[in-house]
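Across the two complexes that follow, chain A remains constant while its partner is chain B and subsequently chain C.
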Partner chain A sequence: MAPVAPRSGDAIFANVERVNAELFTLTYGAIVRQLLTDLEEVEEVNKQLDQMGYNIGIRLIDEFLAKSNVSRCVDFKETAEVIAKVGFKMFLGVTASVTNWDADGTCCSIVLEDNPLVDFVELPDTCQGLYYCNILSGVIRGALEMVSMKTEVTWLRDMLRGDDAFELQVKLLKQVPEEYPYKDDE
Partner chain B sequence: MGREVAESCVDSILTEMVSTYCNRFYANKPELAARRIEAIGYQVGHQLSERYTMERPRFNDHLEAIKFICKDFWSELFKKQIDNLKTNHRGTFVLQDNKFRWLSRMSIDPSENGDLSQDNPEAAENKAAQMTSMHLYFPCGIIRGALSNLGIPCAVSADMSNLPACSFVVRIKA
Partner chain C sequence: MAAIYSLYIINKSGGLIFYKDYGSAGRMDTNDSLRMASLWHSMHAISQQLSPISGCSGIELLQADTFDLHCFQSLTGTKFFVVCEPGTLHMEGLLKHIYELYTDYVLKNPFYEMEMPIRCELFDINLSQAIQKDRVALLGR
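For the complex of A and B:
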């Protein structure tokens, strides 16, 4: 029988190589600032951050699967819980919660109250429309695509825009059945 | 103990930042990509050095500031100090890290080299060396930013002829 998915990423986070979060936070901030200078349009920066996140997500999923021992989630509900409780914890050291499920269990919100990406960050008025943490939505979308789930990830709440938490809506668009390139008995 | 994140977060973001600038924004203008990557490092170094020197008396001379970079600053970032420091006593300092973490953990994605690796291993190797040197503009920028925050204008370059060791050459502007 497949091992049961861990309920929290605490133990994994305690065992991975960790670094000072300031370096990460300031590096991300410097990248966003450089993108704003180079691309000028806030919309384009949002797009690039999402693309960078997607590229990271499609690679990070391997590390996630290898270190978390998560095998197969029974449904999208379990998937969302694993992202919030194990995924966020094991990489960013924070835990998110899952709420606002729709009736058919294909759309929910991941809520983040503590987010290391925004430590020391304040957005000037000129950055209205910027989804500063857009890299996160890209990471989730990219990672899920690698395990055959097409999703759409959008921001509903953003503390840098004055909300009381970060809320990402994750909507399952399509689940592609996995096809193996080999037969079972080979 | 301050807040921590998994090291793979930093690795991922650096790899993706370099790839964004080198392969997507400035695929045919590596010198422009290098300048942007260095500028991002400069901002980070400037801010980090501001934070790490807040409760510390001013440095009396260049050597004291460089030693701070080699010891405290490097330890905050890499959990180890610079292994070897040399100077010509005329404003040039060579900081050697025998196993530079960002190089030893970095792997160049072979898919980015397209078909080169099969048909032309030499070209693939050149491309890999080029990507490695692109990654080094970031720590060069960090060092320049940190020293500039301490009032020391300088130029910083990297020498990776002895991998995984890496030397950073700091030339202080008179």
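For the complex of A and C:
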């Protein structure tokens, strides 16, 4: 049977059920506000958002793989392109771009011009250390971990802090393929 | 007629998380099905090492005289395999569809714990519908 060709982000986004953008923004905002009330420390909230994102990412990856039909990526460059062009489009309806590759090809930046999570949001002075969209860094980290890549995802630019775009740095720490201990007998 | 005997889903560590049998032939008790799952997990892994070409993704089809075994492994390491009558067609499509049902009714259930046995009623219902539709499609020819 001929392999099914991978679908573009636009095609998948057009076919999935969608939700009202305001409801999405309001729900996310309610989560962040509740975390701030419960945890009080901005650092704790950042950590919790990342953890929540991680828990989403580990489940989201199979959904992504099932709906998009992408085959195994050859290298990390392809992985980053797929995340930016297909992944972000499919789940958030926005296209991101990949820039700033380092010499090894293990570290890059994913830049988002548009971000539905932050519509209508302004950070007050009391929350200046808050990474409002930290859930996204957790999602990417969790998703990549399930396909054997340990990564570190951090924010370089954040529009809520005055920058001109959202920039996520994704750094591949190591590839950890499933190892089977059959060589132990030697 | 062409029929499915059983369906197994194995997590990435080789543990059986779902088993369903569909015929009176080849019924297995819990212990046997667990054993079968870990055996298959090991064989699948060994087959990747045996391949003369690197980048092999493991056994996709095993044909014996009394059954066929079709296996689909997702990029996350979860394996879906079905034991069916020899010559049954469209099993790859069915496995892909079952993968989609898994991502919907199992993974999106917030109370399902990852890598644990699947106990999701919605998954069972939709799976039965999918298998039924497949059976009807095959018999209809």
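The definition used in the following text is that the second predicted complex is superposed on the first by the 169 of 186 C-alpha atoms of A that agree within 3 Å, B and C clash if a C-alpha of one lies under 4 Å from a C-alpha of the other, contacts with A are read in each partner's own complex, and residues count from 1 in each chain.
Methods note: contacts are C-beta pairs under 8 Å (C-beta built on N, C-alpha and C of every residue); 3 or more make two chains touch, one makes a residue touch a chain.
Because the structure is a prediction, the values reported are computed rather than measured.
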{"item": "First, second, both or neither for A:Arg59, with chain B first and chain C second", "value": "both"}
{"item": "First (chain B), second (chain C), both or neither touched by A:Phe91", "value": "first"}
{"item": "First, second, both or neither for A:Glu17, with chain B first and chain C second", "value": "first"}
{"item": "Which superposed partner A:Val111 touches (first chain B, second chain C, both, neither)", "value": "neither"}
{"item": "Touched partner set for A:Thr27, first chain B, second chain C, both or neither", "value": "first"}
{"item": "Which partner reaches more residues of chain A (counting touched residues only), chain B or chain C", "value": "B"}
{"item": "Partner chain(s) touched by A:Asp119 [first = chain B, second = chain C, both, neither]", "value": "first"}
{"item": "Touched partner set for A:Gln48, first chain B, second chain C, both or neither", "value": "first"}
{"item": "First, second, both or neither for A:Asp38, with chain B first and chain C second", "value": "first"}
{"item": "Chain A positions touched by chain B in one structure and by chain C in the second", "value": "59, 63"}
{"item": "Residue numbers on chain C that touch chain A, as the complex places them", "value": "12, 42, 45-46, 49, 57, 74-78, 92-93, 96, 99-100, 102-104, 107-108, 114"}
{"item": "Chain B residues within the chain A interface of the complex", "value": "2-10, 12-14, 16-17, 19-20, 25, 36, 39-41, 43-44, 47-48, 51, 76-77, 79"}
{"item": "Chain C contact footprint on chain A (complex, rising order)", "value": "1, 58-59, 61-63, 65-67, 72, 146-147, 178, 180, 182"}
{"item": "Residues of chain A touching chain B in the complex", "value": "13, 16-24, 26-31, 33-34, 38, 48, 51-52, 55-56, 59-60, 63, 90-93, 116, 119, 135"}
